[in-house]
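Heads up, the next two complexes both have chain A, just with different partners, chain B and then chain C.
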Partner chain A sequence: MSRLANTLRAYPTLLRIGFSEMLAYRAEMLVWILATTMPLVNLALWHTVAEGGKIGRFGQTELIGYFLSAFIVRQVTGSWVVWEMNQEIRSGRFSMRLLRPIHPLIAYTAENLAAIPLRAALSLPVALIALGLVGGAGFLKDPALVPAVLLAIFGSWLISFLNQALMGCMAFFLESSMSLVYIWTALFYGLSGYFFPLEFLSLKTPRATAILHGLPFYYMLGFPVEVVLGQHDRGEVLRGLGVEYAWVAFLLTLTLVLWRAGIRRWNAYGA
Partner chain B sequence: MAPEIEVVGLSKEFRVHRREAGFLASVRSLFRRQYDLVEAVKDLSFSIAAGERVGFLGPNGAGKTTTLKVLAGLLHPTAGTVAVAGLRPQRREREFLRQITLVMGQKQQLLWDLPPVDTFELNRAIYDVPRPAFRETLDELERLLELKPIMTKPTRQLSLGERMKCELAAALLHRPRVLFLDEPTIGLDVSMQLTVREFVRQYNERFSSTVLLTSHYMDDVLALCPRVIVIDKGQLRYSGALGELVRTMRPEKRIVLKLERPVLRPDLEAVGEVIEHGDVKVILQVRQADLRDAMSRLLARLPVSDLTVEDPPLEEVMRDLFARSPEQDGKGADKAVALAPGDAA
Partner chain C sequence: MLGRYVRLLWIQLRTSLTTSMQYRWDFLVEGLMAGVFALLALLPLWVFQSTTRTLEGWTFPEMVVVVGWFTLLKGILDGAVNPALMEVVERIRQGTLDFVLLKPADAQFLVSTTKFVPWKVVDVLTGVLVLAYGFTSLGRWPMPLHVLVALVLLVSSCLVLYSIWILVVSAAFWVVRLDNLAYLFTSLFDFARWPVTVFRGAVQLFFTFVIPIALMTTYPAMALLGKLSPRTGLLAVAGAMLFATLARLVWLKAISKYTSASS
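Let's look at the complex of A and B:
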């Protein structure tokens, strides 16, 4: 209990220092944001395609709403902890984290969460443009689902963070754990709704969407975007949140198991 | 009273991947990896009392850093038991982590792009140091290490010496009672080495903390550590007073002479072994028992303007010690224990 209380007391400072670090890396942050503008490229592409008529439920206006929302959701839910873990474990700097009386994973969460205010601020102009182009009618209309939007986005961040931490833990065992990240990222691009709304697939293969809705990638982007756009009723949102947080629980368990095994190995060979 | 640090029969083995050079060897290692078992520490035992400053010496690869990491809870022993401040390091309990610090000269905890003052604040929060205590300690560290002008500059813009001073401050803000210092003066200039040494001494005296220091700079050890523990190939070679080690290994004394004019070598050889023969500076080595007589003869016969008596350099003592196998010491590791009657000091 006292460990938890200490962690809670320390957390605001961790966030504040993490935020200062983000400000120090502002140029890098800008480059990262520019590197994540793929939804805007996709928007241009699909917008042109939709000139010929709606694609499923998506006309040109809906596509603007979808891809601009995807851009913002990606900004505020992105995580990069795997790069840090991999580098620190390989260089031995990870030892310095183990010497501190706070769980390293907790410290990593603070460092990643600390970037969100800045990313959100940088995303704000995009949000305003989206609102201007699409109009309020293109977004969530049921006020009762506003907390669900926040939960869906937070769940998306958790999945993103945990899967990266999971791959980061692989650095305890593998010399080239980063190759896993490239595989995961490729799957994310294809299966999350990053390149196109997943329901496009169901136009040709109806069962594909159902399968993809069972995978974690959808909950990292497609699901929160669809909730923001008000494409689901309350029942569907609840079901979606259930699956999303089941993935969170599963990834958390897996991460902790791998973390413990990794630390055991580190204690035996590494440091 | 229980020792602050107690190591009993510590052994630590690593499995290390081995691969020959060349493309074929790379391909072979894909399918059949070969491993060597490296015994970094073998059946090591020693204890350190609270408040002691102890030098932990040995050649590269002797197992010093491995032992420090075991003591800090970063590595688990393969065999044996270790206790620090009455706690088991390998459990890495919060209470243990709050009592210790490990400063590694080649690894830093400072946040690279932020001023050190931000790392200090981060550590305050993580170690849950009350603000008044934090302010008091920081003021003191600021004064002792002259941190004021540097602690608000980004770490990346600090010199190596400035960074080390800030590393020390960051590591000590929670006032640990046990300090593990692994090469804290590595790469520092002479003036900064003196600053760090003086600071470690003052911290130890002010807070009665226990210091275990590894360094390749023998001046660090001479200045700071009344007692040394020497290991080689993972085994204890000596544990005891530094002066005793020097006397045991090199029972000679060195007489350093400054001369008013050059003298002939045979005149010097008549008194003792000539170590250095310059026009105005001469170093002679004589047996401890012959020292008084040698000094009288030198002062009577030679144009001496200054004379000092020194122990042989510690580097040479260490070189001699490491050149001898444990078996040459008599009974191997037993000799090391025999050399250290006051092990727990």
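Let's look at the complex of A and C:
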């Protein structure tokens, strides 16, 4: 119990340190944000396609709202813990983490969470300027759903963090788990709604959208974005959040199991 | 003179090849991922096809040709242009560029050939496959003359990309930290996967003249499809030449200003 109290006491400090570290790299951060061109690349395509009329529920203004929100959600839910774990485990610096009186995974969450304010502060103006240039888009009307937006975005961050931590734990067993990251990224690009709103798929295969709504990728991008745009009523949002947090729980369990096994192996061979 | 440079190029290539052979597992994964990412680039087009619309006169198979060309060019860029020039930026920062400048050969040649990533060949091949897919669904094959024009444009666009890089590197002599700018440029290149007509107004002008993605993918694809007017083609090649000359001049100017990392 005292360990939990310790963690709680240390957490704000960890966040503050993380934030200062991010601040030191603010120029790099801005470049990373500007380099996230993929939503705009795809917006360009669909915006022109939609000149001929709406595609499903999406006309030109809805598409602008969709891809700009996707840009923001992508910015604030990103994490990089797998890179860090890979490096630290390979170089042996990881032992330092184990010496500290705080669970390394918790410390990683602090480092990654601390980036969110700066990322939001840098990316929101970019999106707002873009929004101003194209002249507005429709967003959600039901005020009761505002907390749901936050929950959906936080869940998206959790999925992305836990998944990366999971792949980071693989580095205890493999030489490098970066190839897994590539595969996950590819799946994310294809299945999350990063390239187009997932409902476009039902134009081709009606069942596809329903299947994708069961996978975690949709909850990393498509779902929070659609909630922001107010495309789901309360019931649908609740159901979506249910699936989203079920994935969070699943990934959390898996990460903890793999973490235990990994640490045992690390203590035997690595340190 | 020329023979010496050909021999030098061969030596540099062989060094890169030997280095990359150490990581065979990476070769496999990278190759596989190249294929997957090319397929991913097709995904939006498949969805586009199901809307049964055309895009400013571009049909689905024609857009596949653009994506194919994009993949091919990206392979060349990531395999033969980017790695070497990334390396220079790093060397300028560390001060080890001096060793290159001491060598009795043209410095621009040496820095441009220091590093190749041979396994990007897989990307190039994937690009060719995507092109083949595009033409199969189009139901006809490009005429030899058109292929020739496209190849000339390929050389021009590589020249332009390379020149942009040389300009970036030259700038690094003055401002040192530039790997980020390079990164930004690479992500802008992603816009080249669609025909340039997707963009409107000022953005289209930007992508035609400032960052000429039109020259890089749209024009070669149009050439392959037999839709490119000779005048546009010639102008594109002339523009590329001009750009390369400019880059060379800026490089010479920059290198004469260079005073190592410590001084």
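Definition applied: the second predicted complex is superposed on the first by the 260 of 271 C-alpha atoms of A that agree within 3 Å, B and C clash if a C-alpha of one lies under 4 Å from a C-alpha of the other, contacts with A are read in each partner's own complex, and residues count from 1 in each chain.
Assume contacts are C-beta pairs under 8 Å (C-beta built on N, C-alpha and C of every residue); 3 or more make two chains touch, one makes a residue touch a chain.
All values derive from a computational prediction rather than experimental measurement.
Trainee: Of the partners chain B and chain C, which touch A:52 in the superposed model: first, second, both, neither?
Mentor: In the superposition, A:52 touches chain C alone.
Trainee: Which holds for A:259: it touches chain B only (first), chain C only (second), both, or neither?
Mentor: neither
Trainee: With the two structures laid over each other on chain A, which partner does A:6 touch: chain B (first), chain C (second), both, or neither?
Mentor: It touches chain B, and chain C stays clear.
Trainee: So, does A:108 touch the first partner chain B, the second partner chain C, both, or neither?
Mentor: Neither partner.
Trainee: According to the stated criteria, A:218 is in contact with first (chain B), second (chain C), both, or neither; which is it?
Mentor: neither
Trainee: Contacts for A:161 in the overlay, against chain B (first) and chain C (second): which applies, first, second, both or neither?
Mentor: In the superposition, A:161 touches no partner, neither chain B nor chain C.
Trainee: So in the superposed three-chain picture, is A:20 touching just chain B, just chain C, both, or none of them (first/second/both/neither)?
Mentor: first
Trainee: Please work out whether A:95 is in contact with chain B alone, chain C alone, both, or neither, and reply first, second, both or neither.
Mentor: first
Trainee: Which residues of chain C touch chain A once you look at their complex with the stated criterion?
Mentor: Residue list for chain C touching chain A: 29, 33, 36-37, 40, 43-44, 46-48, 50-51, 53, 55-56, 180-181, 183-184, 186-188, 190-191, 193-194, 197-200, 203.
Trainee: In their shared complex, at which residues does chain B touch chain A?
Mentor: Touching chain A from chain B are residues 14-15, 69, 72-76, 90, 92, 94, 97-98, 100-102, 104, 107-109, 111, 113-114, 118, 121-128, 154.
Trainee: So in the complex, the part of chain A that touches chain B is made up of which residues?
Mentor: 2-3, 6, 9-10, 12-14, 17, 20-21, 24-25, 92-93, 95-96, 98-102, 107, 264, 266-269, 271
Trainee: Given the complex with chain C, which residues does chain A contribute to the contact?
Mentor: Touching chain C from chain A are residues 27-28, 31, 34-38, 40-42, 44-46, 48-49, 52, 55, 179, 182-183, 186, 189-190, 195-196, 200-201, 203-204.
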